[in-house]
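Below you will find the structure I want to go over with you.
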Amino acid sequence: MKKLRDRVAALLDEGAVSLVIGYEEGTKRPRPLFCRNSESSGKLIFDSRCFHNLAVYVTKKELVGKERFAVTAPISTLRSILQLYVENQLSEEKLLVLTVDLNGELREFVTFEEISAYVAQFEMKRGEREQEILSKIEGMTREERWKFWMGEMSHCFKCYACRSACPLCYCTKCVVEVNRPQWINPWPSPISNMEWHVNRAMHMVGRCTACGACGDACPVGIPIDLITRKMMEDLAPEFGYIPGQPAKQGNALSSWKLDDREQFIR
Amino acid sequence: MSSSTEFEPKIIAFVCNWCTYAGADLTGTSRLKYATNVKIVRFPCTGRIDFLLLLKSFAQGADGVIVSGCHPNDCHYTSGNFHARRRWIAFRTVLDLMGVDIRRIQYSWVSAAEGSKWADLVNNTVADIRALGPYAEYQKVAEYLEKEGFDEEA
Amino acid sequence: MKIGYYPGCSLTGSSREYNESVVALAKALEIELVEIKDWNCCGATAAHVMNEELSLSLPARIMAIAEEQGLTEVVVPCAACYNRLKMTQHELEDDGKRGRVAEILKMPYHGSLKIINVLQMLETYGAENIKARVISPFAHKVACYYGCLLVRPHSILQFDRVEDPQSMDSLIRVIGGNSMDWAFKTECCGAGFSVSRTDLVAKLSGNILKDASDRGAEALIVACPMCQSNLDMRRGAINKTLAQPIDIPVIYITQAIGLALGIGANELGLKRHFVNVEL
Amino acid sequence: MSKIGVFICHCGENISATVDVERVAREIGGMEGVAHAIDYKYMCSDPGQTFIKEAVKKYGLDGVVVGACSPRMHEPTFRRACAEAGLNPYLCEMANLREHCSWVHEKSEETTEKAIDLVKMLVEKVKKDKPLESIKVPVTKRALVIGGGIAGIQASLDIANTGHKVILIERDPSIGGHMSQLSETFPTLDCSQCILTPRMVEVAQHPNIKLYTYAELESLEGFIGNFKARIRLKAKSVNYSTCTGCGACIQKCPVKKIPSEFNAGLGTRTAIYVPFPQAVPNKPVIDRVNCNYYKRGACKICEKTCQVGSIEWDKEDEIITEEVGAVVLATGFDVKGTDFFPEYGYGKYKDVLTGLQFERLASASGPTFGEIRRPSDGTIPKKIVFIACAGSRDPAKGIPYCSKICCMYTAKHAMLYQHKVHGGESTVFYMDIRAGGKNYEEFVRRAIEEDTVNYVRGRVARVYEKDGKLIVKGVDTLLGGQQVEIEADMVVLATAGVANCGSEQLAQKLHVSYDPYHFFAEAHPKLKPVETNTAGIFLAGACQAPKDIPETVGMASGAAVKVAALFSNDELVREPIVAVVNRLAPPLYSTCVGCFMCETACPYNAIEHEEIKGRDGSLIRTIARVNEGLCQGCGTCVAFCRSKSIDIQGYTNEQVYAEVMSLLND
């Protein structure tokens, strides 16, 4: 931790970066910290409790401004940063990525390839919460799944906290705000909630890095992060990507293979 | 054609203009008969068919949907159908995960020369959907606003 | 250097000299041959003509027990066994067949075993130290005869060039021999007709020998017991069909290299040939 | 409130037989937004169209729906009628009541209700339609022809003769292509040089044709009517303006043993060379790979010999840019070498030749001045064997197709051999003789009957050399599969015609699709053989598939007329069914966030990066922009865009949404 603080202080003093996004000790658990001068870098912490995805701030122009900035990134943030690179939302000159690797060494990355090589060591596994709920869902029949999700969806009141927590939801105007035509009804009826979450999952095909930010953000605790996680796991063999390790070539949905599976097509 | 008491499914067909629409035209010119339940919406290409439209169809009372376009390598725009096929693989996975009855969405390739295949596709799909019955569980949830509340254990 | 070893019925039966020369040469090259315990017959051509399941299960069992005994790579000197094992490995990539064979064998079959023939073994593991160990160069003009099972079907075996193979020729050059360019490298020797239609074998093998001796070959080099027996054992019948008899010997590549490395003729089994070998 | 006119057609009785058309018109008339609804026996007839025109004027309609046959049939007709009445044609839609309703259902209540629904669907769509103007794209009236073989020559001449400028680029030092290598041509046996060289000279002297030899296409950007081609002029090391083509340097050049590509490797040439006597331009080029000066910095004899000092040692490759409106691909084909055939000796037997090599032997300007001699010892072969279908029609070798011309040139070769070598014995091993052209079959019969060529129906299993002779082991399937063994002096393989090397890279530069054998893919095998899927790029000759000279010339003229049609008007008019990225007021400028996933989806590379700059020139945002010339209107990007920032005119999100909604909530 000490090496990290000194490095950040040095970076800020030299003016190499105008901002460093990291974690500081919060009331119950770590919360994001935005250091703009070396004094505040003293509050920086970086341990296993810091896993919330900071990548969601990286695309906010009004926060990071035009100068170069840095972020201390746990594995979830690194994966999202890779996906944001693939989608032309970040430039390698503007962002410096700091992290502390498994044996406590301070690591700095600039290019996509560096981060990609580092991320490749981490395999995306389900935590027990995910395993427990998903195995329950996987055991259900279609009707039971429908009832389960309709029950869950009835709690949703369209606060869109999931959208604002997700680093890959950086659209200036979301499809739900399109009213000509009104694709997704704004009122929180179960069917329009279901439409919203199906649409969100479809927008995440080949992109979601299962960081769980949306699940954490949901005020009524709907396990919506499991929808995108399960989708990513199921589609990985189909589309030939490795969940959590975005590749340079285009999005899974905007590319295709000659031998894509098609026995469901008559 | 069928007795009025029996359930008549409402089916929408999203088709591409260059192949399946022309195939349906050929079914017409060859005077082949098929069920009246299916109404065709024309798109320039299967690549243009938005998955949200399918959701909207079910929400508005459709019991089944047909999506059909050019065979692989036939696409007038070279790769529209390939993009569509990949989109439907993803869409089916998400819908199935959410418990939507994906048997009600029938995908097919029908070329401009396969008039009879279009007639068979329509008749078989109507028969399948009639067997599945109305998609009540989806529509009941859709009429949420008209009725007072949504009873949990429906 | 340890490699699995599958001799097969010929090398422990009618072509004992091939086995002796392979073992002797391997010892000289410090290659330890670990014979598969309790190996069974590979089914050869007889099985796959009669019953497909049998023709797949026999080689599959060999590979399964080899995997079980911890071997990752097996050298198969006999061309027929090599061919059957490679073909079975290819056939069992199809899940349906693999399932049926697994039921019959009642033991796991992964199909990860690397099957190589004697030429591949010598090329990959022996080339440098053969060159280093050559004592008396094999200074003879010879014709290398590959036969069919070593190179065909090319799409599956992926070994050397199908019509004009060069691997044996290059080994002969390494030991100082002069392997000549001739036209019958992969022409049929009559193979299985050796017993039922000896006249056919005489005619076909006769053509091979005639072309080789017309071009001045002092010996024929082979790497398959079936070819060796047709060209050597049937020499009497062959000579009846030819104007003048041909007396050039037919020896295995392992015997030729063994001679160059100074290994004794007896140890190489050179005394067992029908056409005696004075090289 | 929209004022829509609805016109239901009886189509004689094709529609009215099973659909109650009066009821349809009546019910639709009551719909919100419909100002006028009638039914009439023949809407597409003159009186029918007049009804529409008068109604548009009388009621000031702002939308028209015609319930009749398939829009693929009469949409243009009714749209033209509306345009004449002053209504924007893209506000006129058709409901398919015939093919999709009346013809496929019995007369019943449901059929009429379905017809009503279909018309209602289109009425809802028209409410959301917007007036569109067709896209005008300027056309640069200059064509680029790639490849200087007979196909490129013919196309260039035809285009130039319509008065338009042509740029012809050829990779080799001279134009002429494979045809210049031939001796005589089937079926008339007239000498190939005599019929080709005048055309080559005509190309060199044509005022409208700019000829660049020893040049290759570097890149092609832009779209139909507005291509920008960058062409690499490989350094010839000879200044063509001063060189008189006297040939002194060629005599003096010490490096004489380079295998001549023109003679298919049989003859040799010098480092500074002219490929063949009738070459156009008839000036030499220095082969920098083999020239002593470029290899070891020595020699320079050609410079000393040249009286006009045309040698330019340090000349670099030059890249020039040409604006062109259309491209004709005429890059021709190639033939497989003998090394491709394991069973015929992997190319190591000198006397096993390809058809092209035999042409050079038979040609008067060839290395043996027309005499058929064995490359190994120069003797005249007494026995010769021709093997047809060498590589072609052979799926195991990856070439399952028939190369079309080999049967004919093999018969010609056999005939030439019999004429040139009296008492010679020639055998042709064939599977089937394919002589489908005009006078083709008669030509082959003549070879068999008059010139006593021995045709054996069977494949050749192996060819090997023994005591200077080539032993050909084949079979005669017509004599009960009897084995045939011939001791021949020469074997000629009619090897497979394959795509020219580099065709795949060229296709990728032009975004033209190609088939698994790297021949360029035509837009439609029957109806658009000379066009490609990329608008403005046309095909001519064997680069599309193996073909003979008559077909190549015909196809080249076809491509030329397509180019001429394109250049016939100053502007190109295109359907406005193209995608558009939405634009908003600053500071947002557009809802597009610049993820450019649409760019990877677009098969026509029609998505461009547009940089929005502030007044001080600093870059604010990079968003997508659609190049309406390239966009073909498939809409894949529209359905793909997550933020719905891109929409397609004619099938906008609003329109298709309205259609779907109208069909369901009745």
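Note that the chains take the letters A, B, C and D in the order they are written out, and that residue 1 is the start of every chain.
Here is the rule we go by: contacts are C-beta pairs under 8 Å (C-beta built on N, C-alpha and C of every residue); 3 or more make two chains touch, one makes a residue touch a chain.
Not measured: the values here are computed from a predicted model.
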Higher-contact pair (C-beta pairs counted), B-D versus C-D: B-D
Approximate Å spacing (C-alpha centroids) for the pair chain B, chain D: 37
For chain A versus chain C, what separation do you get between their C-alpha means, in angstrom? 60
Taking each chain's mean CA coordinate, chain C and chain D are separated, in whole Å, by 52
Could you grab the centroid distance between chain A and chain B? Build each centroid from C-alpha atoms only and quote it in angstrom. 34
Which positions in chain B are in touch with at least two other chains? 51, 56, 79, 83, 87
Multi-chain contacts in chain D, i.e. residues touching at least two other chains, fall at 601, 640, 653, 657
Give every touching pair of chains, nothing left out. A-B, A-D, B-D, C-D
Help me check something: in the complex, which residues belonging to chain B touch chain D? 1, 8, 10, 12, 17, 21-22, 24-25, 27-29, 31-34, 36, 39-45, 47-51, 53, 56-57, 60-62, 76-80, 83-84, 87, 119
Chain A contacts chain B in the complex at 137, 140, 142-151, 154, 175, 183-184, 187, 189-191, 194-195, 197-199, 201-202, 205, 227, 230-231, 234-235, 238-239, 252-258, 260-262, 264-266
Which residues of chain B touch chain A once you look at their complex with the stated criterion? 51-52, 55-56, 59, 72, 79, 82-83, 85-101, 106-109, 121, 137-138, 141-142, 144-145, 150, 152
Within their complex, chain C touches chain D through residues 161-164, 183, 211, 214
Contact residues on chain D for chain A in the complex? 588, 591, 593-598, 600-601, 622, 640, 642-645, 653-654, 657-658
